[in-house]
Each structure stands twice: as structure tokens, then as C-alpha cells.
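After the C-alpha cells below, expect a handful of questions from me.
When the chains are written out, they are named A, B, C and D in that same order, and each has its own residue count from 1.
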Amino acid sequence: MPLRVTVWGENVHEQEEADVRARYPDGMHGAIAGAIAALLGDEVSVRTATLQEPEHGLTDEVVRATDVLTWWGHAAHHEVDDAVVDRVCDAVLGGMGLVALHSAHYAKPFKRLLGTSCSLRWRNDGERELVWTVDPAHPIAAGVPHPIVIEAQEMYGEHFDIPSPDELVFVSSFAGGEVFRSGCCFRRGAGRIFYFSPGDQDYPVYHEPSVQRVVANAVRWAAPQVRHDVPDSPESPRGWFE
Amino acid sequence: MPLRVTVWGENVHEQEEADVRARYPDGMHGAIAGAIAALLGDEVSVRTATLQEPEHGLTDEVVRATDVLTWWGHAAHHEVDDAVVDRVCDAVLGGMGLVALHSAHYAKPFKRLLGTSCSLRWRNDGERELVWTVDPAHPIAAGVPHPIVIEAQEMYGEHFDIPSPDELVFVSSFAGGEVFRSGCCFRRGAGRIFYFSPGDQDYPVYHEPSVQRVVANAVRWAAPQVRHDVPDSPESPRGWFE
Amino acid sequence: MPLRVTVWGENVHEQEEADVRARYPDGMHGAIAGAIAALLGDEVSVRTATLQEPEHGLTDEVVRATDVLTWWGHAAHHEVDDAVVDRVCDAVLGGMGLVALHSAHYAKPFKRLLGTSCSLRWRNDGERELVWTVDPAHPIAAGVPHPIVIEAQEMYGEHFDIPSPDELVFVSSFAGGEVFRSGCCFRRGAGRIFYFSPGDQDYPVYHEPSVQRVVANAVRWAAPQVRHDVPDSPESPRGWFE
Amino acid sequence: MPLRVTVWGENVHEQEEADVRARYPDGMHGAIAGAIAALLGDEVSVRTATLQEPEHGLTDEVVRATDVLTWWGHAAHHEVDDAVVDRVCDAVLGGMGLVALHSAHYAKPFKRLLGTSCSLRWRNDGERELVWTVDPAHPIAAGVPHPIVIEAQEMYGEHFDIPSPDELVFVSSFAGGEVFRSGCCFRRGAGRIFYFSPGDQDYPVYHEPSVQRVVANAVRWAAPQVRHDVPDSPESPRGWFE
């Protein structure tokens, strides 16, 4: 059975800004989905979903049939319906993987699952980002150059207000001198979450083979180990296990 | 300046059940506040607040004047106003300490700050709980017997659906054989959170000196290192720090 | 390519004590190797090595050809040659997996890789051990009953003087009331280490299907992600990566 | 009782190189000791010890009378006597704090306590280091500018082959683009260990007030919570705690 991947895109910049549309003619979600499909081949079946679809394309049926969800959003976080956020968070706690990309640090499901403000320092100045691997034996770092060189990117800098990651995989530096924990693993409930910061709409970052490699590795890493509903608190008589 | 401690109590069992009232004539919050004051003396100034007060006794003024908040709730989690939950969570992210006690594993602020279901296994059968220290050099374990013996307690057992604690201090076993991560530290934003499971309304657990010692140690440990509002994401021009 | 597993056994109790030999006619290493081979089939090729062989059966050639090493020792830790310990530790830092079993908490490679005393509380009284899963989505817990019931075992109790595990998978309780962090993951260099405490020579623990399942899962989990020599500190001229 | 601090210096560069002696007329250990004494005042009593003294100045008596040991070494790691290394490591496991500075990443006690190669990437090119706080509520970051700007320093870069730190406090970037986990907390046995990378003999880094503040904060943080011998494994009859 292939891993069922849903690539969610907010799809607002692509609709409203000609330069973004030129950079990503199939949308950022299209570029991301294409990269995952190309790199993982038969291992995956990939579909996309966007904000503008009914229930943002994340109906109960779709979420139940999704093993790993990737999420890119920026301009319209507040337009994401809370019922869909509930559904996504419940699915993650029950085992679905979540790969949160770039400005998804402020996406509702990411913030709710982590519990902190997820704020950070930023500057859109087209400067060089170097993505360094601090955990070279981590599966998400497999085949990734050290460092990844991204010629132009938005700067995201510390302090990044997240819980201490369960595993820290990448740390970036920027031409201006800032650093950022750019690749972070979290485990919440039965689900695995990976946050990866490269990828602004103003730069062709998702066309970079190394960035695509990270996203594909993350999809593989975030595959569910188990899948169930969000657990209740069972009353358990003495000796129930005997 | 003494550490300003607010002991929050749901105060429902004490009002509705004669045996709980007999066990805790000043309420569980009264017993907890008294223990903290007795053990920490001039180091602290302690007040109580309860669900039944306006804004549950947690007005903006009170929360701003609180360094560490302890929280006990069980029967009426759903009655806690979401605006108060927002205020408490924001204060924790900005540096206020939170000590969540027993059934507060399901309290709204605790669940929201952790992001998981916080479910667990349980049985109210008055059985012996042994609380073992797994991190003897942790400040919360200072002066605590190994193990703490609690003759009768409600059983809380694994799986406890929490994020992996940043520091695990205590693990309990029960006469029926279950185990539970009973003393867990989390750091969220600028705030420190300690969860401690002993303490059901049906048993005189908060009168136990060893349990009181843990709660007092936790209050000290959770003292704010800094205090600020929940951070925004500042735009930072290149070289802003030079 | 199958995963190459070497099961190392001290093989002293089996030689010197008739009851142990009766319990484990092929040695404990034989029982462990057989279980891994039976459960993982074509995924693995399994060999054994023992203390009594030249270089304890862990020649440079064998270690280089080993992906995951399991280790059981007790009576003769001090007889393990330091040159072999160096070789094993270097291999782990370079990516080889290590599964340390029961009394191997005091094995030289385990202690050296962790850096602490690895001391614990113990009692050989044939009492029931319950092994509880505290991380149900961990691959090492896949297919493992909750709890594993082991009718008779040596007691290992806290405090267990180890660094805080990178992942805590199992916690045990014993009939006498003690608890123990019985399944602990560590990552050191490029290697993965799993410690699993059930398995004393005086009890038929390695014949238990659930225990065998954990060991097999651990072998799979500890598979190398990369493999290299212990790294030096390279001098790196400015711009070396451009 | 003041905290008893011993500042250990290898004291080789200062003896052999005129420029280092000019930069640090009292030795690097003298500068570090002076800074700690100036910043912590009555809280501490500070002494120094050097490689050239009998038992490197770290006799059993001195180590027993030391609450926190700071360590700087570079050119002569191999000259440190293994008996002294044993004594220092045992003291740390028993509760003594250790602050390892810069090239002490390769000091014998540091490597032995961590168990990994502690290798890193380096370049001595006098370039700007920016030290960023990634855990602003950590006591070691109190009063520390964000970032610390060090105009000229040796570059230390990833990959730094250490176990995942129990707490990550600082991450540095360098003018050449590399990043480094420059402030890392570890807990081993009952002891606390802090590694801080700024501070090469070729630059006046220990005269920087911000660097001095970090070292002083680290000394305070590493203060023993308990102090005992390295623990054995006690046999414990059933019910020993009743």
C-alpha cells in the first residue's frame, strides 16, 4: 500500500500575485506534490487540497484517507475553519503525520498542537540561507547536502517560540547573521510533526532539489506507526490485564 | 520580594460532598495554600481563588500579580470560561509558572498548553501508590522520600497521552501493578509547567507531608525567570543588532 | 541486503550452572539469535559471538560486517578486553546499532557510551514484572502487549543512573512495588542504542514471545542510517562549501 | 556558604606564546576567575588550578571542596593524568558542576562524560561570531544580549558530535556562514554540565562582559543540588521501604 499524502496549499498568493503564479504555475502545492511524487515514486500516492475547496479540501473522508499531510499557509491562516482544524489536529493525535512548511509556523493546526506562540523574527530581503544538518544520522537528513545553499530566501530568525523539539535536525544561518532552528521534529499523541522553514512564495525554493529531498524524507519519516481515534480515559478494574 | 502564589481550586466536590468537606474543611485549595505557606514561609505570599468567584478569581489583575499558579479541577473543567483560559495560557507563555495537580490533567489551560489529549487510565479503588524519584538531583525532588508511600489513592495509569516531558522527575506504581509518569516538567514559551498526579478528593493526600514538599518544591522551581507579553513576530532590518 | 545482526553472549552462566544450561541449551545468545531470526526472517542474517572466542568473537572484520549488535553480559564484564570495547564503541559512534540487554547495564561498551554509573536497585526474588508502554507509537512498541506480563523476573528498580533517555518506551513495575525505566533509546554519534531490562539467566524470559518481539523491533529500529569512521575535526577554509 | 568555584586552566599557550600572555597576563584562568568573582561577589569563593601543579591542582581535597569546576584546555589534553580525570568525572556524577569552555570539547573529562567523539569543524580566521539565545527563559541566558557580538573568534561549526543536549541555550553563526550549538546543557549522574564555545586563546573573548556574564550564570546554574559518591547498585529486599 502506498503512503497516502495530501499536500495542502493556501493558494492565495498564487491567485493574487502574478510573480508568484509565474514562479509556481501549478501553485506551491502543485510544486510540492510534484516533488514528493517524483522522489518517492510508487511509495506514495499524492493528492492536493486547497483553502478554496469545500471544507478546504480536507473533508472527513480525505483526512481519514491521508497518512501524511503537508501544510503551507501564510496570508489566510484566519480563514481556515475551526472545524477543519479540529479534524486535522485529532487526526495527528491519532497518528497522521504533519509536515508544516515555512509560514505554517502560524497555521492554526501547528500552533494548536504545539501550544506556544510560534512567533519568530523575520525579514524579506532575498538573502542567502544556509541549512546545516545538526543530526546527520537522522532519516530526514539522508542524502541532504551539508549545508543546503539557498541563494535567496526570506530570513526567519530566533527566538522561535516553540517547545523544545523532540529532535532538532537542521539549523540555518542567513547572510545577515541570524540563525534559526529550521528543521524540528515533534511527537504529539501518536502523530509525528516536522517543521521545515525554507520556502517563501517570493523565491523558487520548492524547485530546489535539496529542499525537495528534505520534504520527501520528512513525508517518509512522518508515516503513521499506528492510527486510531483520539483516546479517552478508560476506567480499568483491578487486574484488567490478567 | 516574595514569590506570589495563587492556589486555584475548582471547589465543587468540597461544596457538594460531605466527606470531601470533612477531609478538607478549608477546601483542597485551602489545604494546598496552607502547605505552601507553611513550607516556604517568607519566600512566598499565597492567595486562593475558586471557580465560583467572578472570573473564577483569576482577573487580569490577579493573574498579572501571580508568579506561580497551582490548579486543581475535576468535576467542572467545562465551566471554566475560555477568556480566563486565554489569560492563564498567555501568562504562562509570558513566564508565569503553572503547577497542575491530579485531575487537572484535563484542565483547559493544561490541555491547551500541551496540545495532546492528556488522557490516561484510571480506577478509584483506594490502593497504595508509591511515588519513585527518577531524577534525584532535580530541585523538585529535594528532601522527598524515595519512594513516597501514599496508602490510598486513585490509580492513574499509562498510557498518559502527553508530549514527552522536558524533564521526568517521578514515576508511580500502584498496588494493582500499573505505572504512571506522575511528576513531569514542561517548558512552554517563557513559562514552566509541572504536573503532579497524587491528590484525589476522596483521599487525604494533600495532608501528606511528602506530597506537600513536592508541591512546595514545584512552586519554587516554576518561579518566572522572565515575564513579558506573548511575543509577536518582529520584522528586523538587516543589521538591527549592530 | 539483509540487516546483519551479531548476538553477543557472555556465555558464563550457561557453562557453569546446570539450571541455566537446562533453561537455555543453546545459550542465552542462542535463544536470542533464534528469536530474531524467527521473527525477522529474510530481513536479517544473524550470527552469534561469545566471550570465550578469540577477541570475544568481535574481530574487526566481524564488527565491520555487523549492522546491529546485541549484548548480554553479567558475570564477566571485567574480562571483556578494552581493545574490543574501543572497537565496539567506535562502531556505534560510526553508525552500528547496539541493543543492550538486562545486566548489560554494566557492560563496558554501554557504560562508556553513556558516561554515567548505570547503577540500579536490584533483588532476585522471582517476582512478577509488568512492562508498560509509555510511547505507544514508537516502532519498538509495535505489536507489543500493554502490559507485557512476565511471571518471574529479577527486580531492577530506580534510581537507574543513566542520562535522560532520548526516547523512553517502556516502564516496568514489580510485585514488590518498584518501578524501572526498562526500555530506553539513546542516540550517540551516528549510532542508536536501545536498553531493555527484562532477561535474567535465572528465568526463561527470552523464551517469552512478547520479549522476543521487543528485541526484534529494537534490532530493526537500531539499523544504521549511515556508517562511517569516528569523525575527526576538519579544518575548513572559509567558503569551503561554495 | 558561598559556592566554591575552581577555575582550571591548561596554562600552556600563556606560557609559550607572548601574544597570548600579553592578552591574558594572569592566564586565561586568571581572567575567567576574576570575571566570576567580580560578577558573583559574595555568592562565590573562587580559586584557580593549572596543569603544571601537582595532580594538576586537582587533588582529592580540592575536588571535594569544589562545587563547580570550569575547564579550559587545548594544547595538552593528553597530558592530563587519567587518575585526575577519574576523580573529576566521579565528582561530576556525584553532583559537582562542570563548565567546559571552548576547546575543552576535547578535554578528557568532557569526552568521557558525554561518550561521543565531540568532534567539530573549525577555522582560525578571526571572524565575527554572533551568539543567539534560543531559550530566553533559561537562567544561563539571564541578562545576556541577543545576540552577543564577538568581533573576532575562531570558527567552530557543525556537525558537533555530542549527544543531543538536555537543554540547548545558545546557537552561534559565523561570518563565513557556519552555525554551531555554542551553549549546551547536559545532566549526567547528579551533576550538571554546561559547554560554552566562545573563548579562543588568540582573541580577548574572556574580557567581553557578555561572555563573562554567560560564564557566571553557568557557574550559578551548575551548582550542586546534592553531593554524594558515585552510586553502587544496592540489593534491596522486598519491602525495604516500608
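One rule holds in what follows: contacts are C-beta pairs under 8 Å (C-beta built on N, C-alpha and C of every residue); 3 or more make two chains touch, one makes a residue touch a chain.
As the structure is a computational prediction, the values presented were derived from the model and not from experiment.
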A-D against C-D, pair bridged by the larger set of C-beta contacts: C-D
Between subunit A and its twin subunit B, rotation from the CA superposition, multiple of 5 degrees: 180
For subunit C paired with subunit D, centre-to-centre distance based on mean C-alpha positions, whole Å: 32
Mean-CA-position distance for subunit D and subunit A (Å): 37
Shared interface positions of subunit A, touching two or more other chains: 130, 135-136, 146-147, 157, 159, 164, 177-178, 187, 189, 241
Topology of the chain contact graph, where touching chains are joined (line, ring, star, complete, other): complete
List of subunit A residues in touch with subunit B within their complex: 89, 93, 106, 112-117, 119-123, 125, 127, 155, 157, 159, 161, 163-164, 166, 176-178, 186-189, 230-239, 241
Of all residues in subunit D, those that touch subunit A in their complex: 128, 130, 132-136, 146-147, 157-160, 164, 167-168, 171-175, 177-179, 181
Of subunit D, residues touching subunit B in the complex: 95, 130, 135-139, 142, 146-147, 149, 187, 189-192, 224-226, 241-242
